[in-house]
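Lettered A, B and C in written order, each chain numbered from 1.
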Amino acid sequence: MILKEFRELVRDRRTLGLLVMMPLLLLVIFGYAANFYVSSVRAAVVGPQASQVAAMLPSFFDVTVTEPSGTQADAEMLLQDNKVDVAFVTGETPVLALVNGSNLFAAQSTVAALNKAGSQVKTQVLYNPDLKTSWVMVPAIIGLILTFIGTIVTSIGLVREREAGTLEQLAVMPIKPSRVILGKIAPYFLVASLDMLIVTVLGIALFGVPFNGNPFAFVLGAGIFLFVVLGLGVAISTISQTSGQAIQTAIFFLVPQVLLSGMVFPLYAMAAGVRWIGYLFPLTYFIMISQGIMLRGAPITSLWLPFVVLTVMAVVVFTGATLRFRRDLAPGGPGSPAGQQPSAAETVSTA
Amino acid sequence: MTGVLLRAAHVTRRFGTFTAVDDVSMQVRPGEVVGLLGANGAGKTTLIRMMLGLIAVTSGSVEMLGGPPDRKRRSRLGYVPQGLGLYGDLTVRENLSFSARAYGTAEPALPAELTRHAGALVGDLPRGVQRQVAFLAALAHSPEVLVLDEPTSGVDVLARASLWDTIRAQADHGAGILATTHYMQEAQQCDRLLLMADGRLVAEGSEADIVGSTTAVAVRTDDWAQAFAVLNAAGAPVMLAGRAIRVANADPAELAEVLEAAGIEASLQPVPATIEERMLMLARAAETS
Amino acid sequence: MTYAVRSATVRFGSTLALDDVTVEVPGGSVVAVVGGDGAGKSTLLRALVGEVPLDAGTIEAPPRQRLGYLPASSGSWAALTVTQNIDFVAGIYGLAGEELAARRAELLDRASLTPAAGRLASQLSGGMRRKLGFVMAIVHRPALLILDEPSTGVDPVSRIDLWRLASEAAASGAAVLMSTTYLDEAERAAHLVVLDSGRVLIQGSYDDVRAGFSGALTQTSEPVRIQWAWRRGRVQHEYWPGADPPPGAAIVVPDLEDIVIALSLARRNAVPS
């Protein structure tokens, strides 16, 4: 029995991959990426005594902007655009330190550091005054839920056809492959949108998470993000023969995203060697959008980067996945169904 | 005990209010091949599962090799289920090795025509070869009883003949075999037949016994398509066979009337009925009841 | 309208699935394709349907709108009811409203599925599921109907129903091509094709096939040449390609099963493995 199971496991490359790669991945991530401790934060100094104050700040504060002619409004703009984690407004005593509460760990470290300065500095935390974890988490969880539904559920839904053997029939009928995909994805799009709505409303109601920004921008961002993850779902379905495989592959994509998208561990606290991986994930960019809009009320213009990246991802992933799927449905594709009675051995050539 | 290998005595099995098997008695003796026939839902699978000891009887008794079907006795039995019971992601050798070890016997040698498949994954092999492997696995421990569920389903003619060769050889060596089948021509390969319908044993014995009092009329005509349509529309249980149309349990005179009314010229002739026709009549009776 | 596959050759990697195969399917008749595993039956059907591209040869088939296909796999959506399955497929082909309802009722009745109309496809027996798949394949009255092993593993009564449904389709003018491992079905077809390892061993009407068969067949309990003998019921049949059986041997008239086996053996024994 043991021998048989081992033999089967060796042949099951996906499970093997999951069992071997996942622990390694987790080790690497936790080793290099997991870091609640922020070693330095981005700072801006504005106001008449900008240069002096900038020079006096300890190395913990990495001063990236020094603007003597800047006002408090300018400082707040920088924070809203997430260009800095803390902005000092000089000109009055005590110096006013505005902290970006949407970057939780940076904010916590900053506040701790500022407390040491005592009465010389008046600290004010914007966007998340009580530095509540839930306020930062809820926008990220919205993204997680969308990713979950988009990737796992969609891939299972499409693989079901292949498993049931009905994919072959669809391929022969006068129905365009793009329509098949759209028809299959639509319900999940609706369900995901509904879920997002519920979580957002609940998050606001239960945890008091603010929604300071433009809801249309939020919906737009979520919509584009949804397309990306749904596209990923379709892509996974084209490389899976059974729903078991589909789930495994989806998990393979999901777990790293949870850990490296900045949802749990802040991105800038990660070692540079690992941080770049985080920037490959769509969830990372959605979190930028959701936190930006919900907490900071940021305008679309300041969020142009994540929007553009997500749009490009959506186009690439969706197009690629659709093409692959079409190959499955069209002549020459590996459309041999996993039916109840396996048919004759036909080694299918890759078109 | 060179007596009965498998025995069911007044076996009944109920699932809630549904009676799947109703007072069935039968036996399998050494050296004979018994064919179990019946439509889907007739109770064949449930009966077999009770005889294998996989589910309990509601009333009556089952016996395997002289006693209750426990694990020890099952080790002297070979079973090939419809799904073959092979692991698609293991090679032929590996499957045989697993099965042999499970039964505590030596791994069987591969016959000539299978040696080239020895290292292939079972899931990649054609159906006929898969069946051969399944048979090998089931026979490796020289079982005294064989239970086969649709042994040649979906298999081509040549492979089918070869499989029945194997089955016959086992019977000649003294094993008793119980096989279910949907292919009535296979019924000829069996020594004895059992026909089940609605959980009951409806007929037993030779092919003639199974056919019972069912009659058939062969209708030969050039205009077969029309004749077929006309008779079908009239509600007659029609079937095609070769060039002729067959109608079960019909009165030739009535048929002639219907055909004449449609302006079709045909010659009618009573012919021996087939097992299928008996089953067709049973199905119709069940429908109307 | 006759549909056909002409001089078709299909390769999967290094395997030759079809080798210069020509099969015609005239409207109004049933053509049966028989052959063992790997003989090419499924490949031939899938090529005609357009699922498998040809490496050589041509296909003469109607557009998808006029094609009906029952694949070897299950063929129905398990989580939908019988009625929903039919409606879904009919919708794709453009049937709706009154016309759809009437057609559906008619087909369910012919396939003896009316009492099961509201049942989930996953709760149907194998035979009923095949019949459902069949109904879905002809709901739009296709000009060419392709059935891949429609009756494999199906109970005898449903098998009769399926054959009746196929005959009715042919009788109303469709060209029907079906593959089967059951020779009694092949015998009933207007035209049959025997495939072996991707090549056509013999084809024609049953009479043609019998007439074109050469060699003698003997019945014995002790075959002389093992590689030319096979079991039929309780006896063995032996094939003599040169029509030179030993004197005194019991000669039998070959039926289709004998012919198919004899030809396969001839091919196998002649070709060095």
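As a working rule, a contact is a pair of C-beta atoms (placed from the backbone, for glycine too) under 8 Å apart; a residue touches a chain by one contact, two chains touch by 3 or more.
Predicted, not measured: the structure shown is a model, and the values here were computed from it.
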Problem set entry | Chain nearest the overall Cα centroid | C
For this session: Tell me which of A-B and B-C has more C-beta pairs in contact.
Result: B-C
Seminar exercise, completed: Cα centroid separation, chain A vs chain C, in Å, comes to 52
For this session: Could you tell me the distance, in whole angstrom, between the mean C-alpha positions of chain A and chain B?
Result: 58
Problem set entry | Length of the line joining the C-alpha centres of chain B and chain C, rounded to whole Å | 22
Exercise. Hey, what residues on chain C touch two or more of the other chains?
Worked result: 37-39, 152-153
Seminar exercise, completed: Each of the following residues of chain B touches two or more other chains, namely 126-127, 153-154
For this session: Two or more other chains in contact with one residue: find those residues in chain A.
Result: 340-341, 343-345
For this session: Spell out the residues on chain B that touch chain C in their complex, using ranges where they run on.
Result: 39-41, 82, 126-129, 150, 153-162, 164-165, 168, 182-185, 188-189, 225-226, 228-229, 232, 238-242, 275-276, 279-280, 283, 287
Exercise. For chain B, which residues are in contact with chain A within the complex?
Worked result: 83, 87-90, 94, 97-98, 101-102, 121, 123-127, 130, 153-154
For this session: In the complex, go through chain C and note every residue touching chain B.
Result: 28, 34-39, 112, 125-128, 149, 152-160, 163-164, 167-168, 170-171, 181-184, 187-188, 206, 230-234, 257, 260-261, 264-265
Seminar exercise, completed: Interface with chain C, chain A side, in the complex: residues 164-166, 168-169, 171-175, 331-333, 335, 337-341, 343-349, 351
Exercise. In the complex of these two chains, what residues of chain C are touching chain A?
Worked result: 11-15, 17, 37-39, 42-43, 49-53, 63-65, 67, 69, 71-78, 89, 92-93, 136, 152-153
